[in-house]
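Below you will find the structure I want to go over with you.
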Amino acid sequence: MPETMIEIEDLCQSYGRKVAVDHLTLHIPRGMFGLLGPNGAGKTTLMRTIAALMRCQQGAVTVCGASVQKPAAVRPHIGYLPQDFALYPNMTAEGALQYLGLLSGLSAACRRARIPALLEQMNLAEQAHKRVRALSGGMLRRLGIAQALLHDPEVLILDEPTAGLDPEERVRLRALLGELAEQKTVLLSTHVVGDIEASCGEVAVMDGGRLVYCGAVEALRRRAQGKVYETELSHGSLAAFRAHHPVTAVSGTGKSCTVRFLAPEEDPCIGRPCEPSVEDAYLLCVHAAGGERQ
Amino acid sequence: MARALCICRTQLTRLCLLPLLGAVGFWLLIPALFGTAMLDERAAALVLEGVFPLAGALLLTPLFAPERRPGLLDCVAARRASHLWVCGLRAAAMLGALAVLDVGLWLFMAAQGCAVSAGHLAAGFANGLALGALGALASALSSSEIAGALAALGWYTMDFFSNSCGNASLFLLSRGRGAPKLLVLAAGLLLLGSALAVFHRRMRR
Amino acid sequence: MKLFLTECRRLLHSAVYWLTLLCLVFFLASQGVLPDDKTIEEPQPGAEQSVLVPSNDPALIMPEAVSALYEGFVSNNFSTYPHGLIKHVKLTAAKQGQLAQLLAQLTGLSAEELLAAANAEGGQSGAFAVGGDDLQLNPDGSVTITGGAASAAAPDGPGSAGVPLRAGLAWEEFTGLMEQADRLLGGGSDWAVDGLSGYGRVPATYDALLEEYQASLAHDRYTGAHARLFCDYAVCMLSLLPAFTAAAFFWQDRRRIAPVLYTRRVSGAALICARFLALVALQFLPVLLLGGWLTVHYAAVYGAAAISWTAFFTTSVFWLLPTLLLVTALSLLVTVATGTPAAVALQALWWFSELMGGTGGLSDGSTYGSLLAPRHNSLGQYLVFQQQLPRLAGGRLLAAVLAVLLTAAAVAVFERKRKGGFSWHGRFASAARS
């Protein structure tokens, strides 16, 4: 089994005149890998391409050595959780997994063994006979992960798996994904930096279809060293301040607030430098990429 | 083979249950509403060729409806089994149901003394396939089952009122023309294949 | 107004809307009414022989009706329309015996004779005939047969292939026996009392045709007649197609979108009415445009001064608009209530019964009493139209009133769903959770 599980070489994807992925080259190793970017960055397009749900218009993508131009060769290796995941509303949770297991080529005996274990692992054992439409958002997400794991794939492709979950659910899901990443490659796409910070060692940042950073999460954070500042401002002057400095956080109540902002080019001469977070570094990355585009 | 049968069973009992029930309900209504006792050839053709095929439209037009939601379609399409193959199995299951209903009605009418022949049996199936396949193609092109139903009913109505389709007419037997329904059957198979191809292509754009 | 215009703009982006429009135009063109290739001309002497009109004369109706009933009895094959759909009826031996008894009372022959004649090959040997001279119209309106039952079979004319009428058969007794025959056949037959006018048709006289032509000229002014025929065909499609457009339009508000809609400030009445009016307006506008084009065409054919410039518009509003309102309102209600496109299936079934239905009215195929699709399947016939106008107007008014009531019901359902009630999915979900 190759160490690099997913190889993407000079991939270009577009919808008509809109370029969704622009000459992207990326090598995703085993373990948990984060894909970060704002909405419209091209993350979902990239994930659907890797999952062989979209034709490669230009470039090459291989998953576990199999080219996505041959979807039949790729599908046994991947488990995919789409962004707007849905299942047949009238089926029960167990019934839906049975059907999807059948479509994944699992034998009846295998399904009989795996499905109860998966439901147990996802804490859905009690909901096994509930209809899909009756499940809560968190339960549905966990069921989505269960269906992605059904055929024990080497690669899990999860498109915004924590979207719509409450903080407790999110923490639980991150822990679960962390356990899975010990044995598999988990490609996790999100625009919530906290998910990346909590679970991933490596991350790629996309913006406008391009790769603007690829490497360790810690290295990303260090790139923002010396470029993040904090200052106190009155609420009235906040709007004018935003016009000149990219603001990453505002906190505090009352007449004044604490503003955290980026100074990528030079010393802003106001405020005090502070230790950057991954979110600061991500925003710095995206801000720089946006400046380049302009 | 076993897997294919299992998938077909799920299609019929879960995913396509509503259209199947609708077709069966319609099939049960036919003898009650139209009278199927001791009909001559043309009158029997009106039932088997003119009325029954609407069951085909009911069965095949919503062929792609179960996976209309993008998230659900992606989830199913990412499985090892090709979604095109699954849709093909679904179509086969629906055609199987159509054939069973056709044979059932034909046998019932024969038992009631109608002058039915093999031609009537074939006509019912061919028309049902053709109408349903057109509905499926229209629904694949427009992503709307309503547009599919409109296309199927539109063809039916145009042919009913205008009698200008020659040997491709849906109503050959009931108009007293004994030409075989090969053209209609061929058109139906072509339309069904096209529907599957269009849906698959749009899915894998 | 703004909401109405917004909904109109949304509807213009609907593929189903344009498809239905295409179907309508294509259908009208295929039926030869865009424009009509026939023109209205003054009748010439000799033309009356080709036109048959109802005589309403018992002396003519009775022998023809009995003759037709006998023919059906011999072949044991009847076409009836009990539910509006054509049904072929074959009687069992017991019911054939009962029909034989009825025919015996109508003809004066014995039931055994009639059954024997029916069982004989083709029933030819049982043919009897009665000539018109044997019938005498009494002062009280009844008809008496003065001749004997047996006479030589005449090859042509009414009743020539059938059986004699019983001497002294009165009209009231005749209609009572016909009604029994109709019940025996399951109802909806040509021997129902209101279907008997299809018998006893006689060739029109030249004077009658001329009177018809002059009345048509004076009142229809050519375009009125063409407008009626146009509406006759257009209503076939307008009684079905709007269901597709309305169902597709409202079905967009499925479960995911509905909560977003429900939380808006707009009232259910305003939203539903705006959409309803948008659907009606955009589907009626093409009809008016076609009417305008046809008016200009017929102005060129007959002369601008000879035609009525408003006939197409007024006839379309009177004839087609209530159908459009009714179909749209019904589809709207079913789609809002169920959240499914079941309205299409429901409307298709209703439309199919109209399509396959019997005349239920005049023998030229016109059906003025229909709630959904009244028909006037001939060019001209102004006097007949005038005669049936009250029936037609009543039906159109009822259709329009029903449309309003159905729309009001749709508003009520929408508001109820908005408040969390009347949700089938919700009920299943809560039952599953408990």
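Here the chain labels run A, B and C in written order, and each chain numbers its own residues starting at 1.
Here, a contact is a pair of C-beta atoms (placed from the backbone, for glycine too) under 8 Å apart; a residue touches a chain by one contact, two chains touch by 3 or more.
Predicted, not measured: the structure shown is a model, and the values here were computed from it.
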Max Cα-centre separation from chain C goes to chain A
Min distance from chain CA centroid to global CA centroid: chain B
Note: chain C sits from chain B at a C-alpha centroid distance in Å of 29
Here the gap between chain A and chain B, centre to centre from mean Cα coordinates and rounded to Å, is 43
Chain A and chain C have mean C-alpha positions lying a whole-number Å distance apart equal to 62
Multi-partner residues in chain C (2 or more other chains touched) are none
Flagged in chain A as touching 2+ other chains are none
Chain B partner, complex, touching residues on chain C are 15-16, 19-20, 23, 26-27, 30-31, 76-77, 80, 83, 85-90, 236-237, 240-241, 244, 247-248, 251, 341, 344-345, 348, 352, 355
Counting only contacts in the complex, chain B reaches chain A at residues 3, 6-7, 10, 14-15, 66, 69-72, 74-82, 86, 203-205
Touching chain B in the complex, chain A uses residues 48, 51-55, 71-72, 75-76, 78-88, 90-91, 95, 99-100, 102-105, 144, 147, 151
The answer for chain B against chain C in the complex is residues 22, 33-40, 43, 46, 54, 58, 113, 142, 144-147, 149-151, 153-154, 157-158, 160-162, 164
